[in-house]
Each structure stands twice: as structure tokens, then as C-alpha cells.
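Multiple structures follow.
Look at the two complexes coming up: chain A is in both, with chain B in one and chain C in the other.
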Partner chain A sequence: MSGDALLSIELSDVGKHFGRFQVLDHIHLRFPAGRLSALLGPSGSGKTTLLRLIAGLESPDQGVIRFAGEDVSHLHVSRRQVGFVFQHYALFKHMTVFDNVAYGLKIKPWRERPSKPVIRKRVMALLELVQLAWAAKHLPAQLSGGQRQRIALARALAVEPRVLLLDEPFGALDAQVRAQLRAWLKQLHREIAVTTLFVTHDQEEALEISDHIVIMNQGRIEQSGSPQQVYDQPANPFVCTFLGQAHQISAHLRQGVIYCGDQVVGTAAPGLSHEGAVRVYIRPHDIEVLPPDDTRSALTATLEQIAMIGPYVRLALRLHATQALIPADMTQARFAALHIAADNTVQLVIRKPHVFV
Partner chain B sequence: MIAGMIARRKPWVRGVLPGFGLTMGTTLLFISLVVLLPLAALLSQAASPGWAEFWRIISSERAVATYKLTLSSALIASIFNLFLGLLLAWILTRYEFWGRGLLDAMVDLPFALPTAVAGLSLTYLLGPNGWFGQWLQALGITVVYTQLGIISAMIFTSTPFVVRAVQPVLEDMDTAAEEAAASLGASPWQIFSGIILPLLVPALLAGFALAFARSLGEFGAIIFIAGNLPYHTEITALLIMIRLEEYHYAAAAAIASVVLAAALVMLFVINLLQGWAYRQR
Partner chain C sequence: MVHNARHQACPDNPWGRRLLIFSGVTLALVLIVAPLLAVFAQALSRGWAMYISNVTHPETLHAIQLTLLAAAIAVPVNTAFGVAAAWAITRFEFRGKRILQTAIDIPFAISPVVAGVMYLLLYGTSGWLGQWLYDHNVQLVFSVAAIVMVTVFVTSPFVARELIPFMQAQGREEEEASLTLGANGWQTFWHVTLPTIQWALIYGVILCNARAMGEFGAVAVVSGNIRGETNTLPLYVQQSFDDYNIAGAFAAASLLASLALLTLLLKTIAQARRDRL
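Up next, the complex of A and B:
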């Protein structure tokens, strides 16, 4: 749509409280122009509140919100030119699908209002875009959840918003429809390239479709960056465990080498000059299990349980050094090649240990 | 699915709970005793002197004057209450303020108050020396013993109907739709008229119908303030009362049946309108 009007969203030192409860605490953030950004965090972490502040549905107690450098903190929601999509669609249930999408155009002051044929053309084009042109005369109640959400999206896009904000747009839908719409949203975003923020608490969704991820917890930003960055270089244990699975083992660091008990786990990233106790987080698929006779590793464990989970196998491993129980994932083929069984002793190589002081 | 198939094969299975026959029977019996029987008695009483006499009674000049007065007053009062009731319901649901609970309870006062008490206090308040009446008098407005007095009494006694019809709908309304409209650039007035009001129409109609029906039948509150001058400030209910006091039962019943017909027509029309409004959604 308006590919030339890309703008970034910046928040500086934004705070918000409800009563005595600090919902957002000194937020500094920048959402890159024209990108699809995901806002990820556990329930109650303030994602919706942040999105509503950006939309102007809520006003900040302190701090400044800027669209492409312009301070919009005190601009009324009806003037901010944001498209907002709600978790439960919030369609106008007394209007047809067509009228829902046309609403934003029909209520413009007559000077700015497009003529009827133009409105008609634009609405039909949008319905085409969300693949629901056939439903133009239906009422929202006659559509499925996924269809309603696409209508809500078309309605938000009709007024050519400067930014698009989606609050758990697929949260109320079942897994299959979710996956479809997710791919579809990614595609749509490629076509219209408007700066888009979407809230989700599904980390897979965030990793799959976004260009940029912001991870929130208890009203604070834990990390913000590309999906690759936040997944591979988590800034802290929270991000590490929140994005994908990770299990903590206690270890210590001596001259850049990680020890678990007296066994070597691996080497830490070059920048880390700490000596002494550290927490090491390990993802299940970052553990390579070797047969007992292999000598590449010093880290040993006992295989306690084997579970087949669809295409892969999950092993429960008891570390000899600390008696901690950690899971490891591998493919069925890899597992078969190992020729191991419960109660066997195995050797472990940790491909990517995440070390936090 | 399965339940649906079973229900289709066995049409007598109407739901999970049994007892349709018993509950429906009790309901019908009760309605017959309390509503239909008295109505039948009324109609047979009204018809007893014969059609010509019936027609003469109900179309007499004095009776027609009461119809006009009662109908027009009830209509004005109900339209007024449409706005007042909506306003009250709006304030009670949309704002948090000190004393909201009290105000909410007070809305029901006209229901709880004996209508004679209401009539007396209104007459006192609005009378030439009353708290409000003296100021209105100064402006050249006389309320007591005029149609304005009748309308005031009707407004007072029927406000709760509109409030209580609209309030639950407003409470259940999802504010996200309003926020969506605002984010699309709608002004507060556009949101109210285009998003909120259409959803309130059925409730407003229901409240209006009840208020109107109540106003048609209101007696106690009105007779104190109306002046009750034949041809000018005499309402239909009072004329019925007068005919009764003259032991002219057939005339009383005849006039009463006109009120009854008006109320029924009103309810019927409103029901049609409501059905239409629901289908619009």
C-alpha cells in the first residue's frame, strides 16, 4: 500500500502504571521501519499495554512515543493513523463485512472522503487481498474465527495506517488455522510493507514470521533484536529459557573453560572473563550424545529414560558430575545408530552452552 | 452433533431437563387465571349492552378527549424517557463515581413508591408554591392541573423501564469495537451513533414499549396533579373510575377495553420493530 511512508516507532523512557501497579517500567525501544516485529512475553508482562500505548488507546505516565521522529504521545487515537487488530476481532456485528471494511473510509470528513465507487473499489480490493471477497454481504457472525480476523485486518488496512498493531491476532484460533494465518500474514506483510507490531505469547510464532523480536517480562524489556540474535545469543537466563527449551546446570568457569564438577563441559565465549560459579543453560538439541567408548568428551551421564516424540527421540540424562537430570533430543535415525539402551553410560558434547554469571 | 441427531430422530426430546409438559401446563394455567380470565370478564361486561351502545360510549366526545390526552401525554413522556433512561443507563454503566450504587438503587424508586405518594410529592414540588413550581411559575410555565403535570407524572413513574432495559445491554457491550472505531478515525459522536446506538435499538424499543404501556395505565400519580377537568385534563383511567363510581359498569368496561386494545396494539407493533431490529444484526 503506502510503501513510501515507512516509519519507525520509538519509545523513550515510557512508563505506565495502573493504580499502584507498575505495568511498564522505563521502556526504551525502537521498532525498525517497514518491518514485522514481534512482542513476546509471558502473560501479564505488559505487551497489550505497550501496544495500546503506541496506538493511543492508553496514555503513558511518562516518556515519549515517536513515529518517524514525530512526537505522537499526546495525539488522540483517532488521529494517530494506526491500524489496530484485537484478539477477539472487535468487528461491528451489526454491519456486513463490506460495511465493516468500508467504515474507516465512510466516516471521513466529506472533504477527504473518497467517492462511493472509489470506496467500493478499495474495499473490494482489500477483501480480495484477504481472500474474502465472496463474503462481502455476510454478517461477521456468519464467518469463522480465522475469517473474522482477516476481515478485522482488512478493516484496519482500509484507512492506510502508518503502523499496524496486532494484539495476539491468532490467539483465539486453533493450531492449524493459526499456522495458516501466520504464513499468510508474513506474505501479506511482504506485499504491503507497513511497519507492523504483533503481540504473541507463542515463541514459535514470533521466531517463524518476525524480522525483529522484543522480549518482555514484568514490564521490562529483556532483549530486542533479530530472531537469530535473541535465540543464539540470549542476553540473560530469562530470554534463554523463554525462547525454546533450556535446562540449567550449575558449573564453574576457570580460565575460559566450563567445568561441571571436575568434568569439562566446553569453553565459554571469548568475552567472558569471569572466574568461579556460573549458570550454564543447555538446549535439548544442543547436546550430542556419543557412545560410551568414544573419547572426544569428558562429560559423562547415565541414560535414564527414552521417549519417542513423533519424529525425534528425547533422552533423559543423569549427569555424573552433579546428578542433574537434563533432556537431549535427536532424530530416530541418529538414536538407532548409537545402539544405546536405558542405564547405559554415555558421553556428551555440548554444542552451544549459554553461560550466565 | 450426536445430540442433534438423536433430537431429530426423537422429536419429543426437547432438552437435557425433562418436565416440559408440567412446566408449560402450569404456566398456561397461571396465565389463564391471572391474565386471560379477567380480560374475558372485562370484554363480556363491555359487550353486554350491545354494539351500538358500546360504540356510543367509547366514541363520546368526553371519552375521545381522554384518549387524546392520555395517548399524547404517554407518547411525549415515553419519548422523553427514551433519552432520560438512556442517559441514566449510560452514566450508571460507563462512569465510576461516588454514589453510583445509590443512584442505581434510586432508579427503582418509582417502582417502590406508592403512586399516590409520588403524585402528592410531585404536586407539591411543581405546584405554584413548590420548590420547582415557583421558578417555573416565574417563567410563565404552569405544570400543575395542566397536561404538563400529567406528562411529568408519567415520566416519573416510567423512567425505570427504559433504564433497566438498556443497562444490561450497555454493560455487556464490548468496548473493543468502540476502540476499533476510534482507531479508524471516528469521532466520539460517530462512535456513539454508528457503533453503540444500533446495538441498543432493540433494548430501547423494549423500554419504550413498557414505559408507554405503563403511562397509559397510570392513575394514582396522575390524578393528584392533573386537575381532572373533563375535556381538558381528564385521563382515560380517571373516566373509567368515574363511570365505576356511578355504578355504570358497562361503560367503565367499554372504555377500559379501548385502553386494553391500545396497549396490545402498542406491544404488537414494538414486537414487530424489535424483530426487525434483531434481524438487522
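Up next, the complex of A and C:
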């Protein structure tokens, strides 16, 4: 979209509090240029505040925010050239869709303001881009939530922002529209390639469309990296349980081998030299259930419950070693092939145990 | 469940319902409609010619003029004040915000007569500031200036009180969106805030104007009732009445009543437009 070189966003030692409440605590972050990054966290984790600080809608109590190396910490929001999309669209209700999108161009000082035909052309091109050219003369109230959010995005793009910031952009939409818009945003980002940050509390959304994920909790960064990285190598129990399901069992580590009671769960990652008690987190689909006569595993459990959940089967397993109850997921076909029933004893192989000291 | 609840709230007893409607309508007729009609009936009781001559009497005309002048100053002043106060209260956090909010309500809480007496005490010749003003040959009380001042005081909360809840409900996201698109504060106010609040603002202005033109108590205290000089329409009605000039009193009263009806009409229109947003 804009001809400028792509721009990274850096935050160093950024802090913010409202009253006595520390919303952001010494944040150091770098968002890669041209990428679609997700700010993921539970509500109250400070992610929206962080986005508003980058936009200039709030000012940090301390620290520096840089766009491509340039310090913008004290640059007024109207000069920062950010596109901001709000959860509840924030369209100008009294203006038509066309006027909403044209707004940022019309209010430019006359020296920089494009001529009317140019504005018209650019607005119509953007409305084409968001597939809403037919709605140019409508008022926002006449459009659905998903359509309004696309208009809000077109309006933000009209001024050729240096970065695009989206605050829970699909949070107010129903599940089906959400899924469509996600795929569409991913596609759009590929076309315009402007550095984009979006806030979400939906792990699936973040994993699905982003190139880079920052996970926040209580005003701190828990981990940042590629979706694959944060999912496969969670830095701590919070990240592990926040990104998808994971259940904790207590275990201990002896010479790189994980034991649950006296049964072997698996081996820890090579770097971990800890000896003694550890917490092991296991995702339901990382458990391979074997028939009782299989001898590949030493970890045994009793199958207590079987639940059919759509395309897959969820088993509730009682570990013999600790009496902990953990779930395991598998396909219907796999379950049928096992020939097991409730109260059977089964053997378990944990494909990827996440071990934390 | 909902159906049941509604049934209980409005019992299906035709007599109870009729009694309620009857008493409501009767009260409205006796207390509101009849007196209003009486004003016009009395004003016109001696014919149109007499009515016209009463209305065009120099003292009446002067009272009209003064009433319009007071409103013409008080309304713009309080519109500006109201918008500024509502903007400050709903858009910013600052020390003394609570105090400002309470202060705005003072003119509502105080009886207008007390407001008049306050001004008299402060600016009268024996008052705290009055002596100093007297020494500098400025007479505020018993003058047009005093009438304008108390009118401004009494009508100051209307616009602010109307805008504050409305702007709180609107939130500030649209304004923030405008700022991120490169607009400065003034452009944002002009293109985004004002069009959004316009009907609530007009509604507040109409209420403010109605009160400014109808204010009696505070104005009565500070005006000194100087004939043909410091009489507003409400004061003139009272004075004509005291002079047994019944037709004159009702003629002036009918003007005020007409203004009130016009206000009511405008108010209804503005309210409908505001609630549509």
C-alpha cells in the first residue's frame, strides 16, 4: 500500500500505570517489519493498553517507543500515522460509508490534500478492496457488524498508515463471520504488507493468522515468537496452558528421565539438568493410547470415561502412579481400532511432555 | 415468564384501568390544559383590538425586548459553558472534577429567589463588591446587567446537564478514531463531536432558553421593577396584575404561554431526533 520501506516497532522499558495499578511493567519488545503480529493474553493483561501506547492514544509513564528507530514516544497521535481499528468499529455514525473512508484525506491541510477526484478514486479503490463498493452511500447503521469492521479497516488504510493496529477487531462478531474475516485479514495483509499488530484473547485466532505472537499476562511479556515456537516450546506453564489445553501432572526428573511415581513418562529436553520435582504439562492430543497388551510404555492408566465430541473422542484417564485424571483426544477411527472399553487398563505414550521446574 | 410478569404489572381489570386513565386525564385537564386555555380566553376577553393594543403597549414591548435580550445573552453563554464543561467532564480526568460536577448543579438546587438575594448581597450598594463598584460609578443591581447576570446563573446547568450523560453514553472512540486519522482537536470537535451531540445540544439549548425567558424569582429580586426599564415579561405580568390591569396581564401572559408552546414543539422535535441516534 504505502511505498515506504517496511517499519518495525520497538518498545524499550515501557511502563504504564493507572492510579496504583501497574498495567504494563518494563516492557521490552520488537515487532518485526511487515509482519502480522498478535498480542495475545487474558483480559486485564495489558495488551490493549500496549496497543494504545503504540498508537499514541495513551502516553507511557516511562520508556521509549520507536518506529523504525525513530523515537515517537512524544509524537501526538494525529502525527503518528497509525491506522487504528476499534473493537466496536467507531465509525462516524452521521457520515456515509464513503465519507467515513474519505475523512482522513479530507481533513489534511490543503497543501497535502489530494484533489476531489483523487480522493474519490482512492476511496472507491479501498471500498473495492474490502468488497463494499456498493455500500458507498449507505450509513454505517445500515450495515452488519462484519461489514462495518471492513469499512473501519478501509478508513484506517485510506491515510496510508505506517503501521496498522487492530484492537480485538473481530471480538464483537459472531463465530462464523469471525472465521471469514480472519481468513480475509490474513489475505489482505499479504496484499498490503504493512506492519500490523492485532490484539486478541482468542488463542486460536492468534495461532491461525499471525506470523508472530506476543503472549502477555498481568502487564508482562510471557513469551514472544512464531506461532509454532510458542506452541511447541512454551516458555512457562502460563503459556503452555493459555495456548490450547494442557493438564498438569506432578513428576520428578532423574538424570534426564521423567518419572511419574515409579513409571517412566519420557525424557526431558537435553538442556534441562534439574534433578527432583517438576511439573509436567500434557496436551490431550499428545497422548498416544496403546492397548493393554502393548509393552512399549511403562505408563499405565485406567480408562474411566469415553465422550464423543464431534469428529474426535475424548478419554478420561486415571494415572495409576498418581491417581491424577487427564484427558486424551483421538480420532473416531483410532479409537475403534483400539478395541478398548471403560474400566480397561491402557498404556500411554506421551509424545511431547512439557517440563517446568 | 415475561408474559406473566407483564400481566401482573398491568392487571386485566377494566375498571381499574378506566379509573387510572380517567384520573390521569382529569388531572391533566384541570391542572394544565384549563389554566392554559384560561390565559388565552382572558387575554382575548375584550376582543382582538384590545389584545393588540395591550401587546403593542410600549411597556409590553419593552418587557418583550428585555426578555429577549436576557435570553439572547444567557443562552449563548451557557451553551458555550455547557459544551466546555461537558467536554471536560466526560473526556478528561482531572483534580476537582467532582467539585465541578457538583458546582454545575448548584443553580438547580438553590431557589431562584435565594440566587437573586445572593447577587443583591454581593453586588448591592451595601454588599461586599457593591461598595467598590459604587465607588467606581458602576451600578449593577436594579439594572439590565443584573437581570442578565442572574438569568445566566439560573439557566447555567441546562446545557451541561443534558450533554454530560449523552456524551458519557457515546464514549470517546469516534473522537479517538478521528485523531488517529490525522485530525487535530478542533477538526475532531467540529466534524465528529458536534454532529454527534447536535440534537442533545439543541434540546439543552431549548430548555435553557425556555427557562431564561420564563425566569421570575431571581430576576424579581435584582431588577427593582423599574417601569419601562427593568421589567421582563414575567415581571410585567405580575406588575400589571398588581395594577388591576387584568387584560394587560393576560395579554403579556399569553405571549409567554405562546413562547412556552413553541418551545414545547421544538423540544419534542429535538428529543425525537436525539433519541434516534
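Quick note on the criterion: the second predicted complex is superposed on the first by the 355 of 357 C-alpha atoms of A that agree within 3 Å, B and C clash if a C-alpha of one lies under 4 Å from a C-alpha of the other, contacts with A are read in each partner's own complex, and residues count from 1 in each chain.
Everything below uses one rule, namely that contacts are C-beta pairs under 8 Å (C-beta built on N, C-alpha and C of every residue); 3 or more make two chains touch, one makes a residue touch a chain.
Everything numeric in this text was worked out from a predicted model, so none of it was measured.
> Mind checking chain B and chain C on superposed chain A, clash or fit?
Superposition check on chain A flags a clash between chain B and chain C.
> Which partner chains sit in contact with A:Arg182 here, chain B, chain C, both or neither? Use first/second/both/neither.
In the superposed model, A:Arg182 contacts neither chain B nor chain C.
> Would you sort A:Lys108 into first (chain B), second (chain C), both or neither based on which partner it touches?
Both partners, chain B and chain C.
> Check the residue A:Leu139 against both partner chains and state whether it touches chain B (first), chain C (second), both, or neither.
Only chain B; A:Leu139 stays clear of chain C.
> Pick one for A:Ala55: touches chain B only (first), chain C only (second), both, or neither.
both
> A:Lys93 in the overlay: touching chain B, chain C, both, or neither? Say first, second, both or neither.
After superposition on chain A, A:Lys93 lies in contact with both partners, chain B and chain C.
> For A:Ser78, is the partner it touches chain B (first), chain C (second), both, or none of the two (neither)?
Both partners, chain B and chain C.
> Indicate the residue numbers of chain A shared between its chain B interface and its chain C interface, in ascending order.
55-57, 77-84, 86, 88, 90-94, 103-104, 107-108, 152, 155-156, 158-159
> Can you name the residues of chain A that touch chain C in the complex?
Against chain C, chain A makes touches at 55-57, 77-84, 86, 88, 90-94, 103-104, 107-108, 152, 155-156, 158-159.
> Can you list the residues on chain A that touch chain B in the complex?
Of all residues in chain A, those touching chain B are 55-57, 77-84, 86, 88, 90-94, 103-104, 107-108, 139, 141, 152, 155-156, 158-159.
> Which of the residues in chain B come into contact with chain A in the complex?
For this pair, the touching residues of chain B are 174, 176-177, 179-187, 190, 194-195, 198-199, 280-281.
> Mind listing the chain C positions that touch chain A in their complex?
Spelled out, the residues of chain C in touch with chain A are 173-174, 176-184, 187, 191-192, 195-196, 277.
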